[in-house]
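I'd like to ask you about the structure that follows.
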Amino acid sequence: MSETLERPDLKVVGTRPIRPDGADKVTGRAAYGADYNMPGQLVGKVLRSPHAHARIVAIDTRKARAIPGVKAVITGADLPEVASALHQGGEAASNMRDLAMNVMARDKALYEGHAVAAVAAISAAKADEALAAIEVTYEILPHVIEVEDAMRPDAPVLHPHVFTEGLEAKPDKASNIVKRSGFNRGDVAEGFASADVVVEGRYTTQPVHQGYIEPHATVASWGADGQCVVWASSQGQFMVQTYCAKVLGLENSNIRVIPAEIGGGFGGKTTVYLEPLALALSRAGGAPVKMVMTRDEVFRATGPTSGSVMYVKLGAKSDGTIVAADIELKFQAGAYAGSPVAQGCMTALACYDVANFTITGWDVVTNTPKVAAYRAPGAPIAAFAVESAVDELARKLNIDPIAIREKNAVVSGGKAPYGPTYQNIGYVETLAALKASDHYKIPLGPNQGRGMAVGFWFNIGGLSTGAIHVQEDGSVVVATSNPDIGGSRASMAMMAAETLGVPVEKVRPVIPDTASIGFSMLTGGSRTTYATGMAVVQAAERVVADLKRRAAALWDTAVENVEWKDGVATCLDAAKPDARPLPLARLAATAGRTGGPISAEASINAQGAGPGFGAHLCDVEVDPETGQVTVLRYTAAQDVGRAIHPSYVEGQVQGGAAQGVGWALNEEYVFDRDGRMENPGFLDYRVPVASDLPMIDAILVEVPNPRHPYGVKGVGEVPIVPPLAAVANAVRGATGVRIPDLPLSPPRIMAAMEKAQG
Amino acid sequence: MAHVTLNAECAAFTGGATEFDIAADSVGRLVTELDRRFPGLGEFVEQRMSVAIDGEIHQDAWISPIGPDSDVYLIPRIGGG
Amino acid sequence: MSKRHVTTVVNGDQAEFLADPAMTLLDALRDELNLTGTKEGCGSGDCGACTVILDGRIVCSCLVLAAEAEGKRVETIEGLAHEGLHPLQQKFLEHAALQCGFCTPGLLMASKALLDANPDPTETEARYWLAGNLCRCTGYDKIIRAVLDAAAELRQARAA
Amino acid sequence: MPQLNYLAPSTAEEAVKALMAANARPLAGGTDLLVQIRSGRVKPDVIVDLKGIAAAKGIRGEAGGFVIGAAVSGAELSEHAALVRAWPGVVEGANLIGSTQIQSRATMAGNLCNGSPAADSVPALIAARATVVIMGPDGRREAPVEAVPTGPGATSLGPGEFVLEIRLPPRPANASDAYLRLIPRTEMDIAVAGAGVNIVRDAAGVVTEAHVALGAVAPTALLVPEAGAALVGSKLDEAALARLDAAARAACRPISDKRGTVEYRTRIAGVLARRAALIAYERAGQSA
């Protein structure tokens, strides 16, 4: 477990208080997206394309409009034309025109489930009746789903205006290949020539969904005066505001977005699907509109992450030094451009100090739902291929898998493959922690295997606002504009309390709507505790400076003579022996006499977010007669900088590992011949259940990031990067067969074992 | 003079060159100088790139300072899940 | 089709409502009785977020017709705490056994039924009993620890 | 949910009348029916809840065997000690259907009449040589369990007919059964393949009677006489098990779908049949 290094003075950071919003969540009072209603609201529903690729020739809504009780019917024609421009609303820049067309199709339906019309009615039954009465004339087109099929010159082209970027010669023929990216270092040919051993492999993964248990839900009201209110479950209320404004051509200040509790996101709720439609329906229907997705819609119509085909070639010396790497990543983007292949390229070798490499990434549109972010987007996919290949190297050279990672490990001061030098990283420390773990010493039984893999994520900072409001009695409210998915309210209250020197129970965190606090980028990119925490600490520091100024005024002494410690101002002025200490409550009660209410808000662009590293160990047993995999033990070590609330940091590590295990063993989108998803439900889209997993031992390694007042590094995304390969390498150990294709389902393992036995 | 390395995507604007020494004490001034030398590169960097200064990644970094002999890298913007 | 009058006992109190024959118990609880603590995650009995206790047995309330609840006792998350939190609710908080909290109401009701039926479950027994309650945030580790810890506390309280 | 009416008759005759009158479906646990109504796969106008009919409730011993009401849930089966002792395979087949929540509602009769080839409770019932009592416009009739399902989602029940109870035959000494299935996860999945084995052995441990039924490897669950015959006269030595494995695989006519391939289902059917046979044989040795 973790202990607080070098900061024995910390009283709150590093402890495990009960989260301040916990009571509502365990008593059922917390209000999520579907738990909110507005007076007079209508029920909104979406008509979705049954075809994977079709031109929309005509949509006749007359019958639907005529049904009594149906108040609004809209199609793409009712939404404004949006210019093609990049916007930094989510995190990676996204194209607003594509976003608008993904919210509601215009001339073409590009995946089964693509929204083509929407209705609002006085009841769900009337809304269903309206959907059934809409007549859409489709011209069905050939579709393409598998990424290499989509790259072929004769593949059906989704977008006639897409010409591949990043090629030497500018192509003259439209293609599904949106862009080539990548970078290289040194002389790859020379590197391979000098290698004693070379491994080469083709690896594939399937689209997988974030799998949050709460379906998307919203209630939206378009006021008669054009002022809108949106209640939405999302990873960022300001993101919802901005995207609704862009899609509908409104001003941000006319859209007030109230953040509902969010029932899981993992990157999948960093964009909008329903909110712009609910607003447009509300305007047309003259009443608020509530929309809730079915689970079927969540799978068919909201972004999974990319399916991929990857080629990895590694060359190494006999002592294990990797001297050359040639990596090619082909990722599905779904209906519109923008897969995370660039991040896949940048993270593929991020744990390795390799002199010669070339990494190429292809972003390819396919007739599948537009890809959305999924926890360290792109990194788990690339790591599955690279970490499997490194495992093959280790086996060929008969070197311990941890040792070969140590041999090639990046260290602080070393250069990252994507360019800059690393600072204050804790990578080799995670390897050491894994080697020292009890798990690593447990002997394996028959049909059992142990797999190991490592992972990296950048972690980002970005724009955040934090505000501290001292109440009249000296209790404190800390307001931030980041939705709390995994317990961030607790860490905000803890950082505020630590800085103010008051008990954490005295600090109440709140998450106001977009009209009640300064802007923040959304909760994602493992940034919230880092960047929003930094803003909270700065706001708290301004309050402390203000409190010292006020105490000095009350004692009539210079502010330098005031010491603030443990929530009390004490006077150091020898000339004022009778100056009694002034606790926060006293200063709050006399705030009027010393200048007014005690409040501070800090809005920053937090720079210097430190990258995170993780090393995972997984033991499995494989039934030789059926190919079923049982996960016996799982240990995950991760550099977390400094854990503010260790329980929730462990929770991120355990949750990420569990998602990775599901991704490795059972999760995948299955499409039929017509490009329709065959398993849009939790029965046949198999996320791990409680009995599938052992306890997951999270080892928190703390190498503090000096750029944060309490040494914080992002922790949320690293833990999903190693598990795909950790499980795959364990299955390799248990069966003696390398299976380079996910998921490792029993039929696939059985077929591979049979083929190996000849 | 800060040592600046562009990534492959920027090289399309510079005719392939990726390494420069540029006297600029802030990201804003660096971007302005790059745009002066290679028209269009400035906006491209602003929209698509993050700036790593001595190992630290800055996003939307116009006012971030650059040291006299800083090591500067332009890398694709990083999103998260 | 005319609506059907349904009389039940919810969390110990008499509750009457008019239900369309096709309405599920889940929709009745949320839309007719405004008890929104029970959640819908899938509508097909595969996620457990809608778990309530019907005449002593946990069920997916999305797969029970409201009409079938006539004359039956329904226990939902809103009724779990009596003069302070139930030990399970307290242990879920102490162990940080929830992150987003959307699966928590269903998991708490399933855990209560587990401990009523088996006061001293093993880790494996708890994991198989709770296999019908999906959680995507926690990886289940802290949930199982919280359930076993609450079981121990309840056993001590009974022994005292 | 579409427009629908709900009836809760208190006698079998009333239920038959209700089922005859309109496009109606019987409801016991509802864990399949309500999912199919919500997804639009079936569109009944009337739902006839059987849980009000006394004869459809409860488990009773009769002439050495058991009579299980159609409305008895999997949870109730597992709480009936005498039934569990006599038919552990039948009970574990029913108890593998879905989660604990589903177990509180799902019934064997519902599982049978849903007509899924992968129904978990059906192979063990067939191996047990169970029969069903069917009520209908022409009164009461009894049929072997395997006569009910006729293909994916289809049964041989006529208009107005429904299953009132399931009957398990008397058990001789040294008899027991077992059910195993293959699913990718450890819970919550539909069987990729399933095998139910019922064995009677003599005092010396020689198998005198054996029945084997397979699930998810044909349009309906299959009784495989050759597989049972492969065990008779043996003490489940390797040769007998190899014959069982081969006979099971030979009977398979599976499809490839999102849950499994033809090759995989066929191979696994043999593996599960062998393993289930060993468990049933072991249990038969212990049963008084």
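Just a few scattered comments:
Note that the chains take the letters A, B, C and D in the order they are written out, and that residue 1 is the start of every chain.
Here is the rule we use: a contact is a pair of C-beta atoms (placed from the backbone, for glycine too) under 8 Å apart; a residue touches a chain by one contact, two chains touch by 3 or more.
The model shown is predicted, which means the values in this text are computed figures rather than measured ones.
Seen from the C-alpha centroid of chain C, the farthest chain centroid is that of B.
Of the two chain pairs considered here, A-B and A-C, the higher C-beta contact count falls to A-C.
Averaged C-alpha coordinates give centres for chain B and chain C that are 55 Å from one another. Rounded to whole angstrom, the centroid-to-centroid distance between chain C and chain D, based on C-alpha atoms, equals 29 Å.
In chain A, 210, 266, 682-683, 688-689, 691-692 are the positions where the chain touches two or more neighbouring chains simultaneously. Counting partner chains per residue, chain D has residues 2-3, 39, 186-188 touching two or more of them. Contacts with at least two other chains are made by residues 43-44, 46, 128, 130-133 of chain C. Across the assembly, chains come into contact as A-B, A-C, A-D, C-D. Interface residues of chain D, counted against chain A in their complex, comprise 2-3, 39, 182, 184-190, 192, 258-261, 263-264, 267-268, 271. If you check the complex, the residues on chain A that touch chain C are 16, 18-19, 22-23, 25-32, 34-35, 210-215, 261-266, 292, 294-295, 485-487, 645, 647-648, 650-651, 654-659, 681-683, 687-693, 695-696.
The touching residues of chain B, when paired with chain A in their complex, are 5, 7-9, 12, 47-48, 52-61, 64, 71, 73, 75-81. Residue ranges on chain A touching chain B, taken from their complex, read 86, 88, 90-93, 166, 181-184, 210, 266-268, 270, 340, 342-343, 346, 373-377, 418-423, 457-463, 524-527, 605, 607-609, 707, 717.
Residue ranges on chain A touching chain D, taken from their complex, read 125, 128, 296, 625-628, 630, 665-666, 670, 678-679, 682-684, 686, 688-689, 691-692, 745-747, 750-751.
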